[in-house]
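In the part that follows, the structures are each spelled out as structure tokens.
Next, two complexes with subunit A in common: one pairs it with subunit B, the other with subunit C.
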Partner chain A sequence: MAKELKLMKGNEAIARAMIASGTDGYFGYPITPQSEVMETLMAEKPWETTGMVVLQAESELASINMVYGGAATGKKVATSSSSPGISLMQEGLTYLAGAEIPCVIMNAMRGGPGLGTIQPAQSDYFQSVKGGGHGDYQLYTIAPSSVQEMYDFVFDAWDIAFKYRNPVLILTDGAIGQCMEKCYTRDYIPRWTEEERRKNAPWGTWGKPATRSHNIITSLELESSRQEVFNQKLQAKYREMEEKEVRFEALNCEDADYIFVAYGTSARICMKSMELARAKGLKVGLLRLITLYPFPKKQIAEFAKKVKGMLCVEMSAGQMIEDVKLAANCSIPIEHYGRFGGIIPSPEEVLEAMEKEIIK
Partner chain B sequence: MTEELIIAGFGGQGVLSMGKILAYSGVMEDKEVSWMPSYGPEQRGGTSNVTVIISDERICSPIISKYDTAIVLNQQSLDKFESTVKPGGLLIYDPNGITHEPTRKDINIYKIAATEKAQEMGISKVFNMVVLGGFLKLKPIVGSEFIHKGLEKSLPARHHNLIPQNEEAIEIGKGLIEAVHTL
Partner chain C sequence: MANLDIVKPENLVYTKTKVLTDNVMHYCPGCGHGTAHRIIAEVIDEMGIQDKTIGVSPVGCSVLAYNYFDVDFQEAAHGRAPAVATAIKRLNPDCFVFTYQGDGDLAAIGTAETIHAANRGENITMVFINNGIYGMTGGQMAPTTLVGMKSATTPYGRRVDLNGYPLRITELLATLPGTYYVTRQSVHTPGNVRKAKAAIRKAFENQKLGKGLSFVEICSSCNSGWKMTPVQANKWMEENMFPNYPLGDIKVDGKLCDNITADRLVLDHPLTVVNK
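This part shows the complex of A and B:
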């Protein structure tokens, strides 16, 4: 597992990165378009090399609760699924957030609602960044837009998850999961030893030494005054993430009159639309969001002062646009363009929407 | 240089693996590549296609709707993708089973009787490499030494003994491609 350049699918990159980043366990249940995650893990048999546990659970409910149990001991435990499966996991996710358990979840979004289609979509934005489960909680939500980022973001996810004791959601879709691109793999980071785990997760339920009282993992607090104090602590953690962990990429934005705002697959489409626009002499840029929570509010507010309009491009009926409009305080024209139900917009139609709705 | 192409045909014709070999060859030549398959409730005998982009620069979208080249290996794919070739672009088709020939006058059209040739020579497993050879004759976007490396990378080690046969098929394809309509 040394550094290497390979051509691989996004789903395969997630699996290989899990092994290489010293993940202790993966619990999942197959669902298109991300079944290659478990397929790759099964083919690689990491339990024979790194000792990583890979288990097909009987359902998504079981998977997320196995993650809860495993991760409560301070181990690096992950799962992956696609929209309908992620919906089933929502109870587990709010418990994990409420109990402050670090873990990594990947959602390869597909068209909904309901069982929907197996083709790519981005219609789980609200579910990802506005709760999904109940209660005031946030998942650190990061959206790769290439196979390389699928790989790299697994490593980043572990850093964030343990730094903030918070679940991390890698939000992607079938297009990036199924697409093969070049990917530079990394050297294997050994799984934590027992001592390292105790040091890195002193809160974990890994056994009670005589030197301290019991570590308790729970999301239950019947005394409201204590629950409020706990919630304030969670909110302070989220504010810190918002301050320190926002990530985005601004392409051709320096001289731009108009910008696309997009993430993941849509951002890749917009890169092409931007190239077509530039060839026509239109000063169009792209603000590619990398973290969806924390959302780049300040940065969008800044861009809103410089440009004449923004087109939010999303494979949904318009979800992210709400946050963009709030961040920009509706000071400039901001419109949504999207296709959904598993349809990916063409770069040409995205540019046409920009010209018709924003540039005029 | 950026080449955006689609390869389309029946499932089982080796469309996806042809794209993979081409993409891996591009990687070996240090180019940027993307390989995007059609995926869905696929079935044997159904249609299958893959978009391959090979470029010297960062690739924007792996999903596109206009292509520099379309390689179509059945009538359904010809019907679907003829109109998606950029003006001045290239269309390659295998005449086997084709009842309506392509009609566009603003693109270069070539045909390659790869199905027939592969059957005649008893090399139907490397049919897709015959087609690839035809394409590379017209657009040598990756060098043959890199195609060799691409084959090594994309074929499992137990099939490496078949690499010479694949390369031979590529050479056959180079001699087999013929112009139908050129600009």
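This part shows the complex of A and C:
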């Protein structure tokens, strides 16, 4: 499919980008508000065109372990879910991180805790960037704030996943998953050939030829001294990501006295709040976080030297703010404003919070 | 040292298959895992599919199976091997994919993955080692522990009112249209080893047909967990395990075998063992 401008849902964009980016397999389980990902894939029948495998699993436990199996063979394998399903996947995610398997997972967050609500939320931040499962590990976590970014970030996710042999989490929410926006599609990237798969994943379980020893995919190391060495290697990889792969967007920050810090849907709301503030003559900017892990620590520390205060806007009780405060070393006033349980704040109430809590 | 004179290649009558590595196995003396590993490796060797075989190991005693098979191998999370193998096979349909799991892994924590992989008719081979106990963690009750059988968590014997019935998941799987071959074997005598190897061979050959899942249960002893000598354990297995878990084919080429009557498939009253 050639490059086109189309109107589509965020969830649909994820599915179409998977096909276009040469994804080999998708394994999913239905859950609101992201079921359109698998529905789109099933309707598109990519197995007849690109050869991509699509399978509905019996549970999220199964789907993430299908990702673990398929991706371990050095193929591009993805899944998607929403908060309760992502919680079920945590076991698989820690195995994927521990065995260093590249893969892509999308979480369209909904309000929790528990079964919660099916409305959008951003209350899985801690789960996403602080590990989520057991053990010391990180998922590269990237947060789109438009349908276009939902599409584009799938392509970026594959690059990062294979560059670092690490799972990539596309962390979005029900609002971006469900909303329809225009989206430029891309030319299809063909799925890897057998030769490319073997070259790009020499570590994979694709059948042992006589020329190499058998490849083993495991996260088990019973010898503690070796497990520590492995953990140090993982940590070195994460430091490299922190050094090289941070992404953010600074809007109207050059002359700003105050800035919003937000990602995803909250950042979209803050864009409007920022316009409203500027119309009132308030010098307000927006630091829109794109990668949540690696977190833009240095950049926030720099902004903390320039501005008088920051308002962290999240659809949660205040999770990302902890990392913002740490990065800024609490050197300036930093407050949280958020709605949760599936409520999306209005641009006006966000601006009001900025005026009341930060500008004063 | 004179007898060493006969150690020459031309006198070799038996050797370890090249599909097993030279790593020393960690299994207890008397355990069936080593024999089960060996017959699988021999089948892979005899079929000439070493370069096309991908194995999936469980959590449990055979978690380290990947150290012994000289084929590409993945270690799955507890119970998830059938899901892992499903994707490996779907994405690599020309490969031979097998799982190797114990009874706690396959029939307790992984029941859903087992049943759904079978029900989808995944073209994989599942090898199921049933010793009626959790071996690795120290002999706790498994779903397959017999009524009356003592374990670390049923120190006075398994009670139906407390713990339910022994789960005969192999019979259960045979009732699903997605299974093409379902059998129960053992490896405690040379004759049984030969039969089990033939079953493994059939289960691997079936992957070429693409007609569904092949499932080989190997009823095995755990002399350490059962607190017996290997010889006592084999005798106890014959006397107590086999009546509950009868050996033989249950389903061949997608059809229940003639001797598999409703009474054989559904055991109304599991036999109670007089404890060891």
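One rule holds for everything that comes next: the second predicted complex is superposed on the first by the 360 of 360 C-alpha atoms of A that agree within 3 Å, B and C clash if a C-alpha of one lies under 4 Å from a C-alpha of the other, contacts with A are read in each partner's own complex, and residues count from 1 in each chain.
To be clear about the criterion, a residue touches a chain if its C-beta (ideal position, glycine included) is under 8 Å from a C-beta of that chain, and two chains touch if they have at least 3 such contacts.
The structure displayed is predicted, hence computed values, not measured ones.
Peer 1: So if we stack both complexes on subunit A, do subunit B and subunit C clash, or do they fit?
Peer 2: fit
Peer 1: Output check: A:205 vs subunit B and subunit C. Expected answer is one of first, second, both, neither. What do you get?
Peer 2: In the superposition, A:205 contacts subunit C only.
Peer 1: Between subunit C and subunit B, which one touches more residues of subunit A when both complexes sit on the common chain A?
Peer 2: Between subunit B and subunit C, C touches the greater number of residues in subunit A.
Peer 1: With subunit A as the corner point, what is the angle to subunit B and subunit C based on their C-alpha centres after superposing, as a multiple of 10 degrees?
Peer 2: Here the answer is 120 degrees.
Peer 1: Report for A:73: first if it touches subunit B alone, second if subunit C alone, otherwise both or neither.
Peer 2: second
Peer 1: State whether A:268 touches subunit B only (first), subunit C only (second), both chains, or neither.
Peer 2: first
Peer 1: First (subunit B), second (subunit C), both or neither: which does A:347 touch?
Peer 2: A:347 contacts subunit B only, not subunit C.
Peer 1: Is A:65 touching anything from subunit B or subunit C once the two structures are fitted on A? First, second, both or neither.
Peer 2: second
Peer 1: Between subunit B and subunit C, what minimal C-alpha to C-alpha distance in angstrom results from the superposition?
Peer 2: 29
Peer 1: Enumerate the residues of subunit A that count as touching subunit B in its complex and touching subunit C in the other.
Peer 2: None.
Peer 1: What residues on subunit A touch subunit B, complex-wise?
Peer 2: Listed in rising order, the residues are 5, 7, 32-33, 118-119, 174-175, 178-182, 265, 268-269, 271-272, 274-275, 344, 346-348.
Peer 1: Which residues of subunit A touch subunit C in the complex?
Peer 2: Result: residues 24-25, 27, 53, 55, 57-59, 61-63, 65-73, 75, 77, 91-92, 95, 99, 204-210, 213-220 of subunit A touch subunit C.
Peer 1: Within their complex, state which residues of subunit C touch subunit A.
Peer 2: Checking each residue of subunit C against subunit A gives 21, 50-54, 56, 63-64, 66-67, 69-77, 80, 83-88, 90-92, 95, 112-113, 116.
Peer 1: Which residues of subunit B touch subunit A in their complex?
Peer 2: Going through subunit B, the ones touching subunit A are 20, 23-24, 27, 32-37, 39-41, 59-66, 153-154.
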